[in-house]
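In the two complexes below, subunit A is the common chain; its partner is subunit B in one and subunit C in the other.
Then we have the complex of A and B:
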């Protein structure tokens, strides 16, 4: 699909896309070199050059991705990547999605997300001056160099195929099996790539030997962006595993899952310690170290999922990007380590810790709990790799290890979510804290009583419900108390008072909204993992399988075909304890899907979603002669709350990230001083 | 030593002790929860070491080895190193419903424990997937593949 442009020069997708990648590589190299060199030698007049090079990188990388989407959309099988994942029969939306359905495309896509982040960052701080900006941009551009190099070399999707075939195999069927797979990877990438910005800011601070007050707020805000996207990506990924894979769960401590969890743990700890940094000017070195660690773990995670190292330690060198990634990991690890050792001493704490019984003390404990969690998950994840590399033993670490080791950390973190907000900065007065305990204590008792009444017996789960009641009450009080005092003092109506009090302290308010979502997730995880009921069995038409008071009736086999697949389903009707029925026939039934050119069927379970419980049935086997079907059936209490928490996390993050406008001073004035505009 | 430095030293000491304790607990816990990946031949060559720990046994379902109980609740078969069933073999007992793809000659991974009576008991039976795309053979269509699955020997 060559187009003739200008003076008869043939421009193919391959040439254009690859040319843009090379331009991006060149621009990023320039920006990294000039940014770091001019920053270290204090040639501050060169900053516009750095910015220009970053803009060039961003523009060319975005255009290269658009070229690939164009090639995928118009089935140009002369491009290697399109020949790998494209097919004429693929529905248009999946053609675009196949940009991130295989290795080379996802690295290209990663390049575009990095380009967008750098573009937004550079534009937002286009008026900022000083060598700090040069150094930070230089570091971010250096990361861009690595990815542009990957796309240009080891993971080049643009290779031209001289004699292209007329059709391709189409993207991975699992990708086409569920709409969640369309948005899950971009969210994860947005989270991963977003780590580049706090990494750049933190490195810039260490390189210049100081973190000025002006950059503490951006550091905190920019860590919220990857935190939000990574949270969404992880939750969507577990939802996808639950709704598509059909093994009856959403989390298995699989290396791929851990690869996303590890940077999440680091960035969440970082997010909290930046508060101490901003407020008290202490924990500087620790906070910056966490920021660097989050980025290193992101790259480690990408390496783990993308190099095939978990299939076999010895085969990852055969993957095209494995060795390159490993070198990059070594470089950024050594860089971060040396930076912390050499420059760390320059960062002096502005104020020492007065007491552990304080806000900063509880955040410090929170960070230690996160660090312990990080250590145990990392150990369990890489232990098999070390064993295989050193002793040639193939082992894995079982789920009981991860559950047993992480549970105390999660419980401690949940506890601190309640205690932290009750503590003042500096030093807590025991009387004042105790006086505040009444309402949250009642919340804890309600959580405990409710869990006992509903039959919870697992001690960890009872602990989670009790703490959830405690944290929920603390958080709700923090959210609504300022509004209440406004209502009393200036007679505002409840809505106005809430909006005003929230916009006065956006990050605080948004943060507590996120906490509410996390409490919901904690309860949902505890309930769905400790109180699930599982039944399996073979039934003939008309017979039922009973699981936790719900009857699943087999109504017969059905089948159908769509352009890209055919399927066989086992029609079922769910009969609830109250007697009402839900019919799941045809495409809503538990099914096995058969894709062109894939020999293995891909199952899809039936999920009857409910606010309080899901009924989940997956088809294991069927026999069309009898006819009979073999099902695995589960009832999961509260499991949906995990995904329902996503909008809460998004809302809280948007509130926290919403820019403080020009009227900030006005709003921060005492409530009585703003007579006009109060409706 | 100034009080500030002494406090700092105490904090670092406490951290080192706590970190060491954490590492020791994690190390002990990991040792108890290891899952070994073995083929039948590898597992049999371990001798008594194979009795007890969780094992993921990977191999091929030996031809003519699948036996169901009458109520179809329990299943016994042999997992072999070789596709033709020659060489080392292990008897497997499963009370788990096997997936649709389960048949003689297919690659399986079973997770469970091995005991001195020579039976590998599993509650997790997975058919190993070929995640590769395979170009269709001439005239082949998904429908036929689907049909061949339905009539597969059970």
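Then we have the complex of A and C:
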């Protein structure tokens, strides 16, 4: 409700912000309608109108978000959302962060991310012509309509409060517990929302019945962007769980974690099959289906997270938007399905599969492994819901199931990461492949020998280390062989040769760098989950608890208070096998945090990070009279490699995404973008 | 406010969520306890096992497992004990009975069918001939076949 002052309407944050959302909704609706209608009826002169409407949507959505940040910053409690999450005592940085700390704000924030994606996409292809662009933009704008509608209606953060209070409760304490929580959600959102672009391109291709060569590279590059952000978001999320929740793990196959993993699996499979699409012109329908699936799964995942259908740690964002999401899921699912069935036949394969022993064959197997993985995770996640809804039977599908079922898929994927790059396109000659096998084979033996020497007994883990050695050697050879031949032929120095060979094939080079990061993660997951050592016990002051050669000495209890919580910590000193010590006292100690509105304390563990191992101690109970403390202590080998892989993934993705020279791209993409049908 | 005063009281005093917990059994039986703890669901947590969860309820449940193992119960008997109390929900690893079979068989079937499809993709065009560019439906179309025949004349 707007506050009416005299004859005019007072410009308040609420009015301005909500007005901008309505303008965005209007512009997106116009862009979607005109884009799709003119694209389907081949009225190409209307394209500038579509672009203009997209720019309007983007501008108004970005401005609406800035208005909200302004309102949060200046504590305007007459705005419903600010009244819900703001407080005067919140530090400035957390005032901005509270934009995504609760449901309505995070949906508004999604709107801004979508606006930025659409803005960048439209600007990048501002010279492209043809109905394909109209249709793609139309679909993306249709997604924008959904989000603008959510913000304007079911998840409206802008409702004006007539008699605002003078202060608010502040954002969810968990969000203020750890800096990772500041960047984990935006990374996930960037990944989720980024799926809109490949979805738009793929839908445009299906609607126009043609995917031209010029659009295959954009399709692949635009799927790398959400792939990267989603990877970062997932890893940061697991790091947060590890560093904050204190149960000594980073992945629990929780429905909310699975919700992020599902679109990641789809987009990763998609990234690989687009190579076959681009190179051989085949797998068109399958690839586009994966692109559509990645987007549908994103929305399904959001629904799982946001509607509260699963009772999980993240369900503090439960709300009324569930039904709206469910309708949207049905619409996009039916749309995608019908599109694939009706238009799929138009996409013909340019070249057949000659042999499974080929690059495309290995990518097909990779896609099969990812599809099986996707199916397993999806089935395991929704099966308890189905059982309960249909038969009123409550069952659990947890870690043992997911580990057992997904492990063969992960192993197959790791194997293919090594075999695939060794295979030529077309058909592999057995003796040529065998000749290449020497170096990677040696890598595999090193991996096997090292794991045996270090005492690995778990067969899955030994398999992972062996394959990791194999894949690492294949990948390093692919990375450095071109440089080596340049050094020999052109007498270039090693650095120049590497940079030049990389810049000649950026996507290939970047892809292999990403593979190296994934190998690191595979080894880290295998080592930290199979070779961890766990001890629990109660100790008095001065006594130690020994875990895998590390001594944890209890030095006494300490406590403190912060505005939003009080805490008690058990000061400890970690004594390493070599005799050196690390002191973890006060806020660095394993603690229990007591929040004002929660009866149960929230623990935070102590993590002593190391390149080769982490020492991890959780406080389970304490007694201040004795004084004594009960600890859960772990040593996790190599666990940090999971998060240290993030920079490698980023580096590889940036190399792959780096433009091949602006002029060349502009010349190629738009010129060929005119579909043959419309000529 | 009540919560805050409770929190302050706790800070000043103790926090022992459960009994201090039973002492671990000998290594062999303790390994069994942890293995069982991994597949049993903590009654009050978000899908964590009683071996993983730091919640007081989970500690108590793990102690129950210890007790049962110490009494000489088999793994199956321990799991049955928990199923009898909390229902099938207590098992993090679903059974293979009835509809649950789908969970275990579904992905395997998908993998096998997928492999067959990939192999059949190759076989169809294996003999080294030029692959047909037109889809099968068009090739079967008698009208198009006639047009082609006439064109080739």
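In this text, the second predicted complex is superposed on the first by the 636 of 679 C-alpha atoms of A that agree within 3 Å, B and C clash if a C-alpha of one lies under 4 Å from a C-alpha of the other, contacts with A are read in each partner's own complex, and residues count from 1 in each chain.
The criterion applied here is as follows: a residue touches a chain if its C-beta (ideal position, glycine included) is under 8 Å from a C-beta of that chain, and two chains touch if they have at least 3 such contacts.
Because the structure is a prediction, the values reported are computed rather than measured.
Visitor: Overlaying the two complexes on subunit A, which is it for subunit B and subunit C: clash or fit?
Guide: Once both complexes are aligned on subunit A, subunit B and subunit C clash.
Visitor: Scan A:496 for contacts with subunit B and subunit C and give back first, second, both or neither.
Guide: neither
Visitor: Please work out whether A:595 is in contact with subunit B alone, subunit C alone, both, or neither, and reply first, second, both or neither.
Guide: Both partners.
Visitor: Counting touched residues of subunit A, say whether subunit B or subunit C comes out ahead.
Guide: C
Visitor: Figure out whether A:354 sits in contact with subunit B (first) or subunit C (second), or with both, or with neither.
Guide: A:354: touches subunit C, not subunit B.
Visitor: Scan A:391 for contacts with subunit B and subunit C and give back first, second, both or neither.
Guide: A:391 sits against subunit C, while subunit B stays out of touch.
Visitor: By the touch definition at the top of the document, which applies to A:249: first (subunit B), second (subunit C), both, or neither?
Guide: The answer is second: A:249 touches subunit C but not subunit B.
Visitor: Where does A:566 make contact in the superposed view: on subunit B (first), on subunit C (second), on both, or on neither?
Guide: both
Visitor: Does the superposition put A:558 against subunit B (first), subunit C (second), both, or neither?
Guide: The answer is neither, since A:558 touches no partner chain.
Visitor: Does subunit B (first) or subunit C (second) touch A:632, or do both, or does neither?
Guide: In the superposed model, A:632 contacts both subunit B and subunit C.
Visitor: Is A:660 touching the first partner subunit B, the second partner subunit C, both, or neither of them?
Guide: After superposing on A, A:660 lies clear of both subunit B and subunit C.
Visitor: Common interface residues of subunit A with subunit B and subunit C?
Guide: In the superposed arrangement, which is not itself an observed complex, subunit A uses residues 352, 368, 372, 375-376, 379-380, 383, 393-401, 404-405, 536, 538, 559, 565-566, 568, 592, 594-599, 601, 603, 620-624, 630, 632 for both subunit B and subunit C.
Visitor: Quick one: which bits of subunit B touch subunit A in the complex? Just the residue numbers, please.
Guide: For this pair, the touching residues of subunit B are 4, 15, 18-19, 22-23, 25-26, 29-30, 32-38, 54, 56, 72, 96-102, 127, 129-130, 133-136, 142-143, 145-146, 149-150, 154.
Visitor: Which residues of subunit C touch subunit A once you look at their complex with the stated criterion?
Guide: Touch residues, subunit C against subunit A: 3-4, 6-8, 10-18, 20-21, 24, 34, 38-39, 41, 46-49, 52-54, 59, 87-94, 99-100, 102-104, 106-107, 110-111, 114-115, 118-119, 121-122, 124-125, 131, 133-135, 137.
Visitor: Once bound in the complex, which stretches of subunit A touch subunit C?
Guide: Where subunit A meets subunit C, its residues are 246-249, 252-255, 311-313, 345, 348, 350-356, 361, 364-365, 368, 371-372, 375-376, 379-380, 383, 387, 391, 393-401, 404-405, 534, 536, 538, 559, 561, 565-568, 592, 594-599, 601, 603, 618, 620-625, 630, 632.
Visitor: Across the complex, what residues on subunit A touch subunit B?
Guide: Result: residues 169, 352, 368, 372, 375-376, 379-380, 383, 393-401, 404-405, 536-538, 559, 565-566, 568, 592, 594-601, 603, 619-624, 630, 632 of subunit A touch subunit B.
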